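The two complexes that follow have chain A in common; it is paired with chain B in the first and with chain C in the second.
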Partner chain A sequence: MIQPLHNPPLLAVRDLCVEFATRRGPVTAVRAVSLQVAKGETLGVVGESGSGKSVTSYAVMRILDRAGRIVSGAIEFGGINLNGADEPTMSDLRGREISMIFQNPRAALNPIRPVGKQIEDVLIRHAQATHDQARAKAIAALEHVRIRHAAQRYHAYPFELSGGMCQRVVIAIALACRPQLLIADEPTTGLDVTTQRAVMELVRDLTRSDGMSTLLITHDLGLAGEYCDRIVVMEQGQVVEQQDTRALFTTPAHPYTQRLIRSTPHAARTIRDLLPEDLRLPQPPAASPAGTGTPLLEVRNLVKVFDPPGGLLQRLKSRGKSAAGTFRAVDGISFGITRGESVGLVGESGCGKSTTSAMIMRLLDATSGSILFKGQELTAVPAGEFARSPLRRELQMVFQDPHESLNPRATAAQAIADPLLRLDGMSGAAQIRARVERLAAQVGLPLDLLDRLPHQLSGGQKARVGIARAIATHPELLILDEPTAALDVSVQAVVLNLLSDLRAEFGMSYLFVSHDLEVVRLMCKRVIVMRAGRMVEEGLTEQVLSAPEADYTKELLAAIPRPAHLLHRVSHTKVARA
Partner chain B sequence: MADAAFTPPLARISPPRSAFTRSFAHFRYVMTSNPITFLAFLLLAGMIVIAAFGPALVPHDPLATLADKALKPPSAQHWFGTDQLGRDVFSRVIIATRLDMLISVSAVAMSFACGATLGAFAGYWGGWFDRLSGRVLDTIMAFPLFVLAMGIVAAAGNTIQNIVIATAIINLPFYARVARAEVSIRRNAGYVQAARLSGNSEFRILLLKILPNTLPPMMVQLSLNMGWAILNAAGLSFIGLGVRPPTAEWGIMVAEGANYIVSGEWWLALFPGAALMLAVFTFNLLGDGLRDLVDPQRRT
Partner chain C sequence: MGPLTIVFARCLQAIPTVFGIVVVTFLLTRALPGDPAAYFAGASATAESIAEIRAKLGLDQSLPVQFWTYLKDLSSGDLGQSISTGQPVAAELLRRLPASLELTLTALLLSVAIAIPLGVLAAVRQDSWIDQLCRLVVTAGVSLPTFFTGLLLIYVLYFLLGLAPAPLGRLDLLHVTPPQVTGFLVLDALIAREWATAWSAARQLALPSITLALFTLAPLARMTRAAMLQALASEYLRTARAAGLSRGRVLMVYAFRNALLPIVTTLGMVFSFSLGANVLVEKVFAWPGIGSYALEALVVSDYAAVQGFVLSMAVLFVLVNLAIDIVYTLIDPRMRIEG
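For the complex of A and B:
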């Protein structure tokens, strides 16, 4: 991208190379990256984990950790060479000229200081306010990011605010000194879609009205497409393509960009569309036609109430005054799953979907209601004793975080063998090894990785280990709790296809818990939308997504970032196929 | 492999090796990456050798009294000099290593085993057991610990066994607290839930899935405590509640030698004191190295 001469870029990075010292010697994280951000422009940096997008921004801010080192290249900001600048200059620039928003807003705020004070700190540090006016300016800054009752919120501690509110405070801190450049590093990862939309629109409006430039770092191509003027695509430390947003989506030049766009679920019609053409296998015939009508699981009036924290005294005090302070996480939901069917359970964080799946999985006792599995009442056996039930092997689960769900001290083979040993009573090392290897082959995990510990595996590989462990006993019902939320889109594409193939092969039923409606569209025939412990809407996925009845479903659908160019593509392909 | 193209090539080099070579390579890595750890392990190895072969190494009988050689300063024949009864201080310092190590290792092992079990149960199941054990431990910690140990030894009798038990009791709350905290943060971790789904009983989960993962922080506590236990045993002997003369023990040697410092015979207290200091120093240095050794995340 050649900048016109009359408009010199605000930030220019030229041939940046960053190295990290590791146990195996230096590793180049960023190689020869060049990019420019013009005044008032929003530049998106898109790439998967390990692409070096965050490292690039840390290098610009000069906040690389001790192992990292800028080897070569130039970083120029408004005529100042940041690469050669000393620490006092940099700490003067940080916060005043260049600000940064981090991924986890709660971690970015000081937990023991009121949020208002934290805004004051920045203002006073950069001499934007004196002690007398700092308070008024801080409140104004809170109002600026559309926090209601700003004067009261000034005294709030971060733990008293929701994730979205915390991110607004972080934005208020970042924008307090009217910087020229805002670097947003995955600002909405971990936030709900509706919150994501509110936060992103806030950033867009504020930066536009102040004529600020933004560098948006994200793994979500859809998000970048909706909010950025220009997009830089990075892969393994290198810039592979940079184009105007529209051009990038309509005529992606680099094969990696094409693959990335294809992997984004918005544009796909079936899950096979997510994969590159050369990897597309024919769809296997379904073992049993989906939804033959035999009910496998029936949930009736399921309720989970959490008691308020507190000792005996409070409980005695509140006796008789029932429901005061109790929290109804799941509030009377009923649904069924038939054999071989895949049902989606959608909702935002705190809606009770995880509690529901934990109750069905018998990890948690229900307060009331019944769960019938193949006609047997599951709630009859307490969760603590379900490990010995013969039904344990029929109900398995794939967890949200593939890393956290693997014991850090157990190798992949040990993790997969665990259910075989405990539930199938298998014995004999050779026999178990053979079974583990067959399972690994079924989920596409290379056999030489079986003796590795979890931290030696990549995210996709860990997901495969988790799936292999879950299907080891050939369960009839598999709950997938956001199985791809922690994965890159290209890995997500592969894992989703794997899951769908496995379902067809073994005739399993899925309860697919997700916040991502686009993924549910591809994976499930029926969908249930939950909010605040209740079911808001239920029906065939196509119907619910194309013609939602409940207002909440409409709101959810509207909040998904959908760049116009991407939608364009879909309708084009649809037309072409028709 | 469908996502092969997306995996950086770096992640896929690892020749299969046996468990022994792997752990040895890891040991070597931890040693070379941190010279202080290496020094600590070297000192520890030296102390173990001295404790094991002490009697064979000493030039003189540590208990033999020679009245004509009393209170001689360090010389070629008596490296650390002789004490008021003419015993060789060097030999006594060497011989005392075994007793001091024995007391501290067994005391720490006892409090580690009991404290970790207590804390693990309290952290995993919570409830009334947690509350009860928590308050009992608080009560123990509310006493000045050394005074408590003095009381235990004074009440139960002046034997080595009782010193070990007293030292174990005053150290127990620290292990119980670390274990409780480490277990309770892992009690509902993803891999624990997964283990429940795999049909593991609760007891099995605690013993085989959670406890091994709490080892790294426990190891730091363990090595700090070792030095402390040595000091404690020596302290008890110093005030006359513990090992009795003429047994060679660092604390008692410092106590006896202290009387002679005023009259210029400094070597009686200095050398056992220096040995004590070196032992405590070694164990304090050991902590980080031990943690790195038992932490699987540090392996590649």
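For the complex of A and C:
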């Protein structure tokens, strides 16, 4: 462990205030934030969206966009006051002394420049290489971030690389000049857990071996807990608490920190544990005993093959050869869901879980196999005609992005009324309105929000609209495609509880598609683990997660950032309860 | 797949398009009202002479046979005879095409030279005076019709100030047309080392090309500004800034090269569009291009000439788009994965 207090801090931010000019006048995004990063230390800045954590880091780098302005405060880095520094000084420091890596690595790279060239640009800019050696040094930088066949990858464009690979390139750019401070802004959001683990370990190893300091900005308390020495918690532009990681998890002082820790699914035993105590309602009695055994959905040997990309020419060329170019997105999976049951479908991106749910929803035609829903063969109806099938109203879906999945020009009430009009054939404005209001009440959406457009609603409210729309026709099966992946943890806690209550109330069955094993643990009784289009493991959630059989499941479980302190807290509370 | 393969594949893809154009122009002229044989025969013709001409023109044959003859003529470069001038259409179009190309290309060079720096600066210094200037130029360029700007320029620069020569074609009467090499008078005169002729031709070219440039400048400047703004707000630009890259490199290599993609697309559209749309400019400045030729042919129902014009314009259009596609493929590596 490093003793930060004995060293002068590498970075010291004091009373930083940042304002953004908006049409409605200035908005303060960061108020009087003070934090310090010691040499060699890893500091986590944790907060939900809108907490000002990213803005703080942009202010340190002095790369706020045009509307943003540092109003007051001091930013000292290695004895230099960054707030007063001119642009040439800053641009010398950036990339050489302070570097940054970003969320969404593919977008963070220039799409039409080979990745090697992008590393060269930095090396040449900061006089780390001449034009003659730049290429060799860029390849060395790629090797440094553990990219195999670096000499070949040098010529690759970002679209030819996976997300994890792109993040390694971004890290290579950031570390090319061996800076003293690395700012990582949500570096693994949107990446799979195993990729997340690889990226985070890479960052940790490289910064440690060079004695670099790291500022890790994240919404994921678990991630910060595993990789940081100290954690700063931010809420609405202010620092509410900063402590050593261990102390933060064992004795969180601020109520917001306590709520945040509670909302993180790692520690919870039941779904109610995620909520603050004052919001915990008694579990409603189940309408029908869960999993009565009557099968609702039966999937048998489902296969989806996608044709190789490319036009007629490629297809003619590959004709006669084996189907090497075809991609088996779903490769023969079979499972069942009984009435009232909640089944989790987990796997990493590209494993075929979304394709599977799209086939069950009849948005995609299956290549072969059968889907029996209430004893009827769904694959008999082509995907294009399923919208007119009477079975359509029995199957509904809640989508991943609550914002993108709502029509931006339709109000919340119109969105909820849509399936009533189209599938139930309801008519009469007053009747529909009454039904919409009842649905809104069921999902906890305040009635005065019903006439708002999606952009006037918060993320959690939009999620409620999406859920109300899905349950409007009283479906028997609800497919939830990562329903909380885009939400903050505290909102996720509320939405998960809502979903769980609705299922008990209406006796619906859920197919819960997720990459987050911790959420699945709380939501589902049974779980299916998929990889590369195949089922790797299936069983009771508790069993699969505590004693996994497949190596892949073990790998997935090991990759989840789970700080020891957090687990300690759980056992601690268990003891306390006992 | 290498870039060369893609260029070749794109060229192959243009063939069906060209064939489609040939079919459409053929059917279109057959669908037009009126009997070409009657036109050819003249007002005092008898039924026999009309029938004779019809047989001579092959119009008494069935459509497929006529199409086959048309294809055979086309392959030997024969676009038919113009009724009004009695000349082969192909020869006349070829003679006039360089004039139109010279005008369009000069105008386009001019507008690219102004519009792109203007758009880039307007985006980089948003809301500054240069951004306002860009807005003004774009609005003016879109709202003023070419014949109006043309006449205005003639009135001010020729009639009032006497700076420009009389708007009477490509060369004044004092100079002799230089021997043809490129077909572009200014270049030909320079090649022949006739400096005075080159200067005179350039002066003649100035006003019409400025007129056309003012018109094509607007979409280009607007697209440049928008594309630059988008590139400047992108995440990869933030990475480049966070890596401390110099402002020039960030703007040119990271922002501008990415902004170039929509600009090139717009450029292609503007070019194809102005080739046909300069009819009015050619008319105002008595420019002997294919636009004014087509206009005259249309007025006297000279079908062979109109058909030849439509066909050559369409082929030019395809060629320009092909060139844009190829340039696009070379700039953007992502285009290379598609077949």
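Going forward, the second predicted complex is superposed on the first by the 563 of 578 C-alpha atoms of A that agree within 3 Å, B and C clash if a C-alpha of one lies under 4 Å from a C-alpha of the other, contacts with A are read in each partner's own complex, and residues count from 1 in each chain.
Methods note: a residue touches a chain if its C-beta (ideal position, glycine included) is under 8 Å from a C-beta of that chain, and two chains touch if they have at least 3 such contacts.
As the structure is a computational prediction, the values presented were derived from the model and not from experiment.
**Q** Using the touch definition from the top, say if A:94 reaches chain B (first), chain C (second), both or neither.
**A** The second partner, chain C, only.
**Q** Looking at the overlay, does A:113 come into contact with chain B only (first), chain C only (second), both, or neither?
**A** Second partner only, chain C.
**Q** For A:79, select first, second, both or neither according to whether it touches chain B, chain C, the two together, or no partner.
**A** A:79: touches no partner chain.
**Q** So in the superposed three-chain picture, is A:23 touching just chain B, just chain C, both, or none of them (first/second/both/neither)?
**A** first
**Q** Check whether A:428 is in contact with chain B, with chain C, with both or with neither, and answer first, second, both or neither.
**A** A:428 contacts neither chain B nor chain C.
**Q** Going by the contact rule set out at the top, does A:382 touch chain B (first), chain C (second), both, or neither?
**A** neither
**Q** Tell me the contact category for A:159 with respect to chain B and chain C: first, second, both or neither.
**A** In the superposed model, A:159 contacts chain C only, not chain B.
**Q** For A:390, select first, second, both or neither according to whether it touches chain B, chain C, the two together, or no partner.
**A** Touch partners of A:390: none, neither chain B nor chain C.
**Q** Give the label of whichever partner, chain B or chain C, reaches more residues of chain A.
**A** Looking at chain B versus chain C, the one contacting more residues of chain A is B.
**Q** Scan A:174 for contacts with chain B and chain C and give back first, second, both or neither.
**A** Only chain C is touched by A:174; chain B is not.
**Q** Touching chain C in the complex: which residues of chain A?
**A** 61, 63, 65-66, 90-96, 99-100, 102, 104, 107-113, 121-122, 125-126, 157, 159, 170, 173-174, 309-314
**Q** Under the definition above, what is the set of chain B residues touching chain A in their complex?
**A** Where chain B meets chain A, its residues are 1-3, 6-8, 10-11, 14, 16, 29, 33, 189-191, 193-202, 209, 212-213, 296-297, 299-300.
**Q** Please output the residues of chain C touching chain A within their complex, sorted ascending.
**A** Going by the criterion above, the answer is residues 9, 126, 233-236, 238-247, 249, 253-254, 257-258, 261, 331-334, 337-339.
**Q** Inside the complex, what are the residues of chain A that reach chain B?
**A** By the definition above, chain A touches chain B via 23-24, 27, 48, 50, 236, 275, 279, 361, 363, 384, 387-388, 392-393, 395-397, 399-401, 404-410, 415, 418-419, 422-423, 444, 446, 448, 451-453, 455-458, 460-461, 466, 469-470, 488, 490-491, 494, 497.
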